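In what follows, subunit A forms one complex with subunit B and a second complex with subunit C.
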Partner chain A sequence: MLHTVNKSPHDSSSLRTCLSLAKQGSDLLLIEDGVYGALSGSIHSDTIAEALNNVTIYALGPDLKARGISEDRLISGIKVTGYDGFVELATVNDKVQSWL
Partner chain B sequence: MSETKKFMYVNRHAPYGTVYALEGLEVVLIGAAFEQEVSMAFIGDGVFQLKQGQDTVDSDMKNFSPTYRALGDYEVNRLYVERESLEERGLNEDDLMPLTWEDEDDDWAEKKSIHIVSRAQLSDLLEAQDVILNF
Partner chain C sequence: MKFSVMVNEGPYTHQAADTAYHFIDAALKAGHEVFRVFFYHDGVNNGTRMTTPPQDDRNIVNRWSALAAEHDLDLVLCVAAAQRRGILDADEAKRNGKDADNIAPGFRISGLGQLIEAGIQSDRVLVFGD
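Our next item is the complex of A and B:
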């Protein structure tokens, strides 16, 4: 399953809830304000880094760029993808859950 | 002639996911015409509004971050950023846009607009205001 999260982890529980329920082997794509969850050195970074053992986590490049977050600031192991990668993830997974 | 009041605009939202940041910035610029004593506070995800290097060319949104640089020309030159909010988000002062203003009473010296303050200092600043508007 592909999970998408579009809210900042500092402002919403959606990322935390998603990670608590996502099955091993799931894909998680951080989009819009969700990309703030990819920043290293934040109070949520350890939780997210730990989740990388179970879930493949992506962040949408154009949304990182809009917010001034360069790739060297991301939690190690998070992959950056583009709109084409978003489409690919939506098609290779059997379903999509959009955490709003 | 009405008396001058202390206005503080409190910004708590990240810049692009919602319209709060842009709307708040526009209200500050409009309000600047009324010659009040204006300051801005950035707390919580609001600190992301001042992140330098914002570039929306790939995401088809309006990059309004350069507009913050105009604030100094409107005598909005006290931008208080809460240190704890930065630290919780893995940011520090160097991550913020270098916003400045020119002090006409000091031979147009260029001065920093952004002041990093502690949560306790921000609490005191809020208490000292006449009007507080949240975005």
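Our next item is the complex of A and C:
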């Protein structure tokens, strides 16, 4: 399953809830303000880094760029993708769960 | 693959209308089919042709209309959500005794059954909102 999270972990518990329920092998795509969850050095970074053992985490490149977040500031192991990659993730996963 | 998309947030609010548009655009460019885009809650505000953003800003409504014209997209506004927010086509305006309609080209007004059908007919349904 593909999970999408569009809220910053500083604003909303949706990223933590998603990570607590996502099954092993799921994909998670951080979009919109959700990309703040990809930042290293924040109060949430350790939780998210640990989740990388269970799920593959992506961040949407255009949303990172719109917020001035360069890729070298991301938690190691988080992948960056574009809208074409978003479509591909929605295709290879059998379901898409939007955490709004 | 056949996608349908649900948009629950109005334009110029946060980012859902933009993300939905860019996702659909990318899906079409990749050769996928978009069966339907269903606008619910404040998402129906994506479908008023009275929108007049500053000239140097993106026109979210016109962008939907243009994409619909190019790809024959089915853009559906939920009727109950649209009536609450003053989004009307000619038939709804007449039925409700209003003096004008404001639906944008490429959009149509229908009911929640269209969302259910989209879920049945499509391989994937993605939800964008706030």
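Operating definition for what follows: the second predicted complex is superposed on the first by the 100 of 100 C-alpha atoms of A that agree within 3 Å, B and C clash if a C-alpha of one lies under 4 Å from a C-alpha of the other, contacts with A are read in each partner's own complex, and residues count from 1 in each chain.
The rule is short, and it goes like this: a contact is a pair of C-beta atoms (placed from the backbone, for glycine too) under 8 Å apart; a residue touches a chain by one contact, two chains touch by 3 or more.
Quantities reported herein were computed from a predicted structural model and do not represent experimental measurements.
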Give one of first, second, both or neither to describe whether A:H10 is in contact with subunit B, with subunit C, with both, or with none.
first
Quick one: subunit B or subunit C, who's touching more of subunit A?
B
Would you check which partner chain A:D84 touches, where first means subunit B only, second means subunit C only, and both and neither mean what they say?
second
Looking at the overlay, does A:S98 come into contact with subunit B only (first), subunit C only (second), both, or neither?
second
Is A:R73 in contact with subunit B, with subunit C, with both, or with neither (first, second, both, neither)?
first
Pick one for A:L39: touches subunit B only (first), subunit C only (second), both, or neither.
first
Applying the touch criterion given at the start, work out whether A:G61 contacts subunit B, subunit C, both or neither, answering first, second, both or neither.
first
Touching subunit B in one complex and subunit C in the other: list those residues of subunit A.
6, 32-33, 62-63, 82
Along subunit C, where are the residues that touch subunit A in the complex?
1, 3, 8, 14-16, 19, 22-23, 25-27, 29-30, 32, 124-130
Subunit A residues touching subunit B in their complex are 6-8, 10-11, 32-33, 36, 39-43, 45, 61-63, 65-70, 73, 82
Which of the residues in subunit B come into contact with subunit A in the complex?
13-18, 44-45, 48, 51-59, 61, 63, 65, 88-91, 95
Please output the residues of subunit A touching subunit C within their complex, sorted ascending.
4, 6, 31-33, 62-63, 82-84, 86-88, 90-91, 95-96, 98, 100
